[in-house]
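Given below, in the form of structure tokens, are the structures.
Look for subunit A in each of the two complexes below; its partner is subunit B in the first and subunit C in the second.
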Partner chain A sequence: MINQLVNALSVGAIYSLFAMGLTLSWGVLKVLNLAHGSIFMLGTLAVYLFTEGFGSVPLPVALLIAFVAAGLLAVLLEVLAYAPIRRRASGVVDAELATLLASVGASGAIVGFAEMVTHHVPVGLPRDVFEIRPIVLGGLRLTNIQIVILVTSLAMVLLLAWFVRATRVGRAIRAVAEDPYMASLAGASPVRLATFTMFVSGAMAGVAGVLLAVRAGAFGATFGEPFLLKAFAVIILGGVGNIWGAVLGAFVLAFAETIVGLTLGGTYTDAVAFALILVLLLLRPQGLLPKPRWQRV
Partner chain B sequence: MTIADWFYSNELLFQDILVNILVGYSLYIVLRAGIFSLGTIGFYAIGGYTTAYLLKQGWSFLGAASVAVLLAAVVSLVLSLVLWRLRALYLGMATIAFNMLVQILALNWTPVTGGTLGIVGIIPQVSTWSLLALVVVIAALFALAERGRSRRTLELMRVDEHLSRGLGVNVDLRRHVIFVLSAALGGLAGSLYASLFFAFQPANIGFSALVSALAVVIIGGTTIWVGPIVGAVIAVSLTQVLEFAGDWRPVCEGLLIVIMAVWAREGVARLAVNGFTWLRDKVRAARAAALVQEG
Partner chain C sequence: MKHRVPSRLVRWAVIGVTPVLTAAMLAGCSSSDSEAPTSSDAKISFTLPVIFDLTGPLGVYGQSDLLGAQLAVDLANKSGEFDITLEVHDSASDPNTALSEANEIIRNRNLPVMMFGGGSQQAVAIAPLAQSSGIPLVAVQSYSAGVIDQGDFVFRASTPQEFFYPALAEYAASQGIKTNALIYQNDSPTIKDIGDRVWPASAKEVGIEVVKTFSAPGSQTDFSSFASEIAAANPDSVFVSFGGAINANVIQALHAAGWQGTVLGGPPLAGNVLPPLGAEADGTIYTETFSPATTTESGKAFVEAFKAANDGKLPDSFAAETYDGVQVILAAAKLIEGDLTRESFKEALQKVYSEGKVSGATGDPLVLIPERDSRTPGVIQVFRDGRPHLVSP
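On to the complex of A and B.
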């Protein structure tokens, strides 16, 4: 029981990294990026291809590769698809729909590419990227990867929260989230900040992907897809564009799933996310930690 | 080779196109009215699994399809009532979450859905001709809806919901009706797929199914009633052409959606109509100029 709750901590940490990017692109750019799951996967695929070509790398290097590769892919989507759509759209709603459709297409293309590279079978990263060892702490049985996941995720989330809150660029991002036009009058460049936001969004997903692949031992082309549903629930729990809300939502979801899994059985865990989405949309659409509209992100 | 030979050697292809037209209309009707619902695949799944299950129990197609469409409509009505406040990305997200829930259900409710294997070995019961007749009737209804008052109402709802409320359009009721009609069409398409292609499996309702369905409406366009027909013909033909490309197919399909979303939101059908109008106006202008010269 207690071991599973500890396990829920590391699951929640991965959820929070994944959902962070999604809530960021939605909150700042009004892009519901359905390709986020495929970006999450592609970071790990990049590490896999790198190790195939150049031999194994230690985990920090693997995380860095995924960080850069997934971030660049997200930037590519922004520059080639989302930004042109925003430029050409007749209005905000029109742009939202077009980017939503484009992101579905992009996801299909990326997953298709990955299927081709992996020949439709799950593959694993080399074992010596990170060796999983059990750790016994008092009565707790942990693995070292669980601790790595928790520490890495918390560090990245704290860094992001500090960055958005305290730096000049972070303030500019918040300004763009509120009103791109007014932000541009004040000297911020919405185009450059959008690209930067998408990089951060993708990079965090890339890191989450590698952490999950190491923990699970294998990954496949579609292993990001189930996370979209979880991330939706997390975002709705926390409120769109709310960083701490997403962290809270991620751990609430992870613990809810663990408890449901323990009491009702494993098949029902996937339904928890959907149930949370429906109930919250009905009762509390502003999320658990509501902010006034002008404070998004 | 006579036309009949050509028809029968490509019959599966035609059936595929016809089913895709229905899927296309299911997405078209919501997007046309400015409703961000992508729940079509979920209702397609409900229709397909219900029909497949009932056919295996020895039901006739008409009975099974009626139950399947009705079930999809009832589920969609409940969902519509639950989601009636949601707009834009929130609605898109909730409907995609619904698709995923249906998929999870299909994978786990093994006694009914057959789990990962799906339901296989269904004996086809629908002729291509009756399918064609059905699609023609539905397309005609959509063409009729694009005339006069009903066209203006749809256009207004898409462009400005608040304005249409102000002008006395019962937006809430219309949104519910359109949502349920979309679900019924999706359910019908799934039902027909199950009874035409021998099997209904989780692979038919995954994310790639959503990609294919979106390809149909985005190629055809969401503002003109022939859109889904043009889209389905192009999308299915394209998959045939890309057959040789094998693994590249999903990549091409996905990229095509992105390209259309960026550069040709109106869709091929609208572009063709616009091109024709432009050409006609040019010709008329040239004629008028010639007349002026003569006169």
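On to the complex of A and C.
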């Protein structure tokens, strides 16, 4: 049982890293970025291509490559597609719908590029990027990569939470999320902050992708797609735009999947997990940790 | 009062309509591009449309399918006997896309026969359409039920996987394997049947005890919980069967959980699925339809021709199966006297399956049966040092 607990924790850590980026872009920019899964994949693909061309690199360097590559790709999407769409949209709802559609197209293009580069076959990172080793402590068996995933996820969550709460830029991002117009009047640059937010969103996905690729052993062009639906579930569970909500939602989903998979079988994992989300939405539609809403009286 | 249509609306209407019109015109052009098939003393000429899973999760197999079909067509054209144009369609590992591509082929009356290679879900989707539309369909892979049972226009050139697993179980038992766990994909018709029925029966037949069984959909992203349970049970072997790269993820998860036994499997482990794992895949034993170490004359000729056409790369079973599928179609084309119509192709294919002797990559000759199916025996291979090694026969 304790091994299953560790498994669920490391799965939850991956989900939270993936979902945090998405909740940032959705909560701050109202961008429902369906290309997030392909950004997650492309960060890992960038590492693979780098190692093919220049030889293997240690994991920290691989994470850095994915961080930068995925972050830049997200920025590219923001500059070329999402920002122009938001500028031209007649309202928030129109902007959300239009960026959603644009992200579907972007995702297709990114996956198509990846399929072309990998010749449609699965690839893997070199073994010596990170040598997976078991760690046995009595009845507990885990691997070093699970520890790395947990620690990295925790570090990034804490860093992001601190950044958003305690730094000037973080407060500006929160201001833009509440009211971009008023934030601009107060001196914040919504354009620059949107670009920065998308970079962070993509970068976190890139890091998650590399960790998962090391753990999984092989990946393909559609590597990120199954995670997208889970990420939406995580965000809705936790409350849109709430970092700690995304983390909580990720672990709730991971534990639900693990329990269901072991007791009822893998057939029902997705069904029961999403049924749980449906029930929660009916009972608490704002999510487990919604953003506080203020109202003048 | 006159109302002017806003220029922005006009601009968007043009942007929206132009690609639709262009696509429609191109579709119209492509339908009429393929010429009517002919058969004369000079050359047998027709367009062969093929639908493969070239992209998506099963793209790893589909790319090999295309190489095999392309080689067969190129060699046929080089022989001087044929002038065949290969028309390639991508089903993208999706049944709806497969249906859409099949519809496009069926609408073109100049196409007398079609071929499909790929996942059973796609095969089960298009087989009824081929039957009801009266176009002969030669399916490869497509191992599940519900394909050839559609009727006399549907033929299968690959032996269903289920006929290979008894031999795999026997071989595993001969290697001292006594216990087994099973983990398979439950939303693929073929693999589900293998996991639910075929493998457990095959294992039981030779005295291998299945101690744990897990199944998951193809969208499963994590197998660590199943792997931990399997590691705790510590069977001698684990039978793994999913579509595409997921197989590698499962094997990695098993090793990470501390299990070190023998991985067993079938055709889903073939092709380019295991190489990304490197040494983690060493020792994997699996059955498939073809080995590059084949000893038949036609098989060896196929291997050499494939290597020559693909920079020395060795063929896998997917390329071999589509190569054989094309051989079956060519054999049928040669039997037709007169016009190459859908009806005449159907009759000719039935003759090939009843009486014909077709040499191919997977058999010399292929074992075809009058029920429009194949029973060519498979092979058992062990994966080591980055490639498969033939161990049986």
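Assume the second predicted complex is superposed on the first by the 289 of 297 C-alpha atoms of A that agree within 3 Å, B and C clash if a C-alpha of one lies under 4 Å from a C-alpha of the other, contacts with A are read in each partner's own complex, and residues count from 1 in each chain.
Simple rule for what comes next: a contact is a pair of C-beta atoms (placed from the backbone, for glycine too) under 8 Å apart; a residue touches a chain by one contact, two chains touch by 3 or more.
As the structure is a prediction and not an experimental result, all values here were calculated from the model.
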Partners on subunit A (subunit B, subunit C) - clash or fit: clash
Touched partner set for A:115, first subunit B, second subunit C, both or neither: both
First (subunit B), second (subunit C), both or neither touched by A:270: both
Touching partner for A:134 - first (subunit B), second (subunit C), both, neither: second
Which of subunit B and subunit C A:102 touches, first, second, both or neither: first
First, second, both or neither for A:222, with subunit B first and subunit C second: both
First, second, both or neither for A:60, with subunit B first and subunit C second: neither
Set intersection of subunit A contacts, subunit C complex versus subunit B complex: 112, 115, 222, 226, 267, 270
Subunit C residues touching subunit A - in the complex, by the definition given at the top: 54-57, 59-60, 62-63, 186, 214-217, 219-222, 224-226, 228-229, 231-232, 244-245, 248-249, 251-253, 255-258, 271-273, 276-280
Interface residues, subunit A side, partner subunit B - complex: 26, 30, 32, 34, 80-81, 84-85, 88, 93-94, 96-102, 104-113, 115-116, 222, 225-226, 228-229, 232-233, 235-236, 267, 270-271, 273-274, 277-278, 281-282, 285
Interfacial residue positions of subunit A with respect to subunit C in the complex: 3-4, 7-8, 10-11, 14, 112, 115, 119-124, 127, 132, 134, 136, 141, 143, 145, 215-223, 226-227, 230, 257-258, 261-262, 265-267, 269-270
Of all residues in subunit B, those that touch subunit A in their complex: 31, 34, 36, 38, 82-83, 85-86, 88-90, 92-94, 96-98, 100-101, 104, 108, 206-208, 210-211, 214-215, 218, 247-258, 261-263, 265
